[in-house]
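All remarks here apply to the structure that follows.
By written order: A, B, C and D. Residues from 1 in each chain.
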């Protein structure tokens, strides 16, 4: 049996750990051969392959990124996309695919599997942890650790100058990174996309914190939005090219804090450092176990499925579940964190 | 209501995060007052207290250790221990206790609660992660991260000299740290207390690894034991004072590897660095949530319980469950890791 | 003898290490008493003091920021500033001052010492390492380490997506952080304030790097400027409030790279994380030694001086030297790095 | 011109950074070709080569160890060693050698160069920083950072249990790592090979520290020795095989502290983690600059020399100087640290 492997979507610490586990167990336990497809679905679409065997995956466990490259190519919107993929798989003598990716990549895998009979097993990947089918996705713990270390550092600089510091972290639609890193870093306010925030409330927290002789650190997800804030946002969260800037909300909020509290405020946008570099131990463990179980599913012919974490166990769920529902932060969980605000 | 807080047993990153969460939520949400008891159960036994309020817990979230100190004092084996604790609690006007600790500390809490009517809520703490009532305990993730970083470093030194490196990690009765750090660090053999190991098999893995032009790293839990190895162990795992040395098994194994494979082998015993210092983001998050839920239980009068993690939720279980059963590594889980050996 | 201590200017990892060393050696070896002045020169100006003795400095060595607070207050431009300082020192019975700070703070110390007979010893502090009187200043090594780790992380994300990544680091007038972190991080271009850069040349390096199947990481100091670039800069490096944005040059450059090479480019602005948090071992060592030697100078009555590093020795130089000349990156040193560009 | 490159002796973070810099500048600036010799002097002795060009050195900058392997082979004590090296160099058409290593490796280079006319340039490497010809060697800063982080972690565990913690660090003949990491980590005693220590004095420091409500951390270089201690050492610093154990002195000292102070004491032996893994930013910078200047020396035909750091400049010194004198810790410098003991 020959198995193709591809990684799609934004990169994420742990991708190489999945690839390694799939290949090690497939080759050593099941006698599989492997074909690496380059740059996500563009690989099987355009027939771009790379050799993939046990020597090729040695040493990659601690390395960030993906040795297979990634892209956001959607083969279903390409001319004759499904046909070309089938032809390439046939030409490469690939019997099944392990697709590692997020909503988009797995959405393609689900349709190729269900509608076109291409044998796929999925491994979920989203640094934002916003997939409802699994307790955690790999990459998330690494991002939270990086953001937490940054918040630790910002506390001391905030206190030396009695300034407010606003830290903008990843999370367009779900506030998991903000919530976890904010709690772990001792933030004095955490703002997430799931709940519009009230600027006056944030400023009240900031002022309350200043009264303790500590200085406030506010963690804001890039997708967080103020109540009634669109009008204002429209004015200054766009860059000179008219694009909404990734770093819009952090800077916008720091400005508001300065205006309303009369205290200095500074912004740090963590950006891409959150998704690069060596994975945390948890992410290596989770990614490795996902890989081992994905190749088990291939071996057992259990296609159209995706591996997922439930508690400490790895389970399989239908690929279609992967993309069914965004996992957003539960209001009760967010409320729990509120005791630390201010 | 006045709540006493104590931390018992070996120290563990995250203890301060629990204390802070208990006090912040208790004081701010429920209007509790707090008394800190020093050095575990010795505190209420001997009436050793320390002031504990919101200002006292500022800034302690990222700090390792415990601001309350710890000890292994067992008040149940002290003369009139229960009576003295009751008297001290009465004198201090303490209505309930939050006891943070492992099997021993919580075992005392369970008996004080069940047999003597002292109102206790428990928070589980074991760096070894060997409590069956909870998916994870805080401190474990930090220890695994530290061990994994050490293994990463040892790989490069092993390869430069084509030596075998044996890393001894914590785990007297359960191999969780060895298993997680070994998998995350790409170990070529992982040896745990749950399964006697075969020295010949380990040497075969070591030699197989050398043939790849990489060098082997063997992770061994301090409590791991060779098959039929007691006789030999007896001879050289004791120090000059006749005590069994913590670092016995690592050195013993390195010696065997040298003898049987003819290759150089070196040992590193990670020791106490695994349990000190700032907690990982995961541990801060878990410890904080444990603290928040423990004080909820106090507020609701749900005594004789312990907080626990199930999936991503915090639940309550009877304190007696905490100590009921050691959570050891499941043979199936250990077998999963075997594909990476050699 | 009673010695006053103050920290001025931007915060910097290592300030607490200096304070601790001054107090430990002064109190234990020379029998000095100490008065802490809060918030830089504002402290003696407004008589804001804080108790400072050996217990007060326990545990602060690894902590970022400054326990004394900081400000940019210039007492020489305050009404009767010198007189008020003299009065406050007299009232506090302070015989001499240890002033820890950068160009501005030490410039004040130099004038107070030379023109007004206030007995001062200086300790140089600039995270930018741009003081000609000393080989290195503390804080710099920490900043370089943080920036290097970020660059390490960005390499993997750049490669996964074959994007250019622009990292903006601190350095308004001197490119030391950019040069050191860029070299240590394997940057494919390093742009510093000391030399106008040619956008076409940068794009050529970017394209050359893409041809290697690696992706380019460009490190740019916040004060770097393009040749003939003011016109363009004027348009889009200002925020919606008309202020020049700290992050102007990184974003500006990423945009140019996208336009000219047709490749995606992303920017990361490291910002305040570079100056917060625990100091590196080197910075703790240097700051500690600066503190020890500064209090020696006080004890010996060698006022109007500043401690400085020359090779591995700590020497004393006139305080006036501290501010005499900005230490910028030597063109030959910068040229040395050029072999790694592209 | 074809240049051979080899790395000898114990591994050290930064070796790969030197190799990369040598090859990048040699190939790109001077048009050199390269031959990699495997495993130190064994490479040219036995004709073991590995291809070495610009693609081969991509991505190795942040990696610990050495892509060329290392050994302690001394070709001067091998039969016909010099002749065989000359023959192999001739066969490989290698015109000059860059030898990266410590006292032994460079001692060979010095003799091959001076006595046998083999054209060598040396790059000094010792993690112990004990070479008198240079202010610092690469690898040292990384080791000090790792040891300092470990000491940070041990402080919190020491305090939680009010135990003494003894940390044994590298340094057989020179105490640089102990001194720097001890100062940076806030150790309460630092013991180095250069000065016999007095166990009673150490115990007095330990007890003095316990009186502050903090717990003592003692840093001891592996080569440190007690006054009049040989007799005792003889008994219990040897393992069951009669070998002196690397970890002898730490365990020995902890035992003495327990006996004399009645307090618990624990030992941590950092061992090989100090020399593995990714280099610090300082070490990458220093190693890179050493590499650049070494290949300059080759290009200029300045053989028989070694690069060295003086202040912030790289200079050249005769290879013979490299091995002339061990750089031990100056008593005055050690005395400076004494203020923190106890």
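The working rule: a contact is a pair of C-beta atoms (placed from the backbone, for glycine too) under 8 Å apart; a residue touches a chain by one contact, two chains touch by 3 or more.
What you see is a predicted model; the values in this text were computed from it and never measured.
Novice: Which chains make contact with subunit A and with subunit C at once?
Specialist: none
Novice: What chain lies farthest away from subunit C once each centre is taken as the mean of the Cα atoms?
Specialist: Ranked by distance of C-alpha centres from subunit C, the top chain is B.
Novice: Between subunit B and subunit C, tell me the centre distance in angstrom, where each centre is the average of that chain's C-alpha atoms.
Specialist: 40
Novice: If you average the CA atoms of subunit C and of subunit D, how many Å lie between those two points?
Specialist: Centre-to-centre distance between subunit C and subunit D: 30 Å.
Novice: Would you mind pulling out the distance in Å between where the CA atoms of subunit B average out and where those of subunit D do?
Specialist: Using C-alpha averages as centres, the distance is 34 Å.
Novice: Any chance you could list the residues of subunit D touching two or more other chains?
Specialist: 152 - these are the residues of subunit D that touch more than one other chain.
Novice: Can you tell me, using the touch rule above, whether these chains form a line, ring, star, complete graph or other shape?
Specialist: ring
Novice: Within their complex, state which residues of subunit A touch subunit B.
Specialist: For subunit A paired with subunit B, touching residues are 21, 24-25, 28-29, 55, 58-59, 61-62, 135-136, 141, 144-145, 147-148, 152, 180-181, 183-186, 212, 214, 278, 280-282, 284-285, 288-289, 292, 310-312, 336, 339-340.
Novice: Residues of subunit C touching subunit A in their complex?
Specialist: 10-11, 13, 15, 63-66, 69-71, 146, 149-150, 152-162, 165, 235-236, 239-241, 247, 251, 255, 266-273, 275-277
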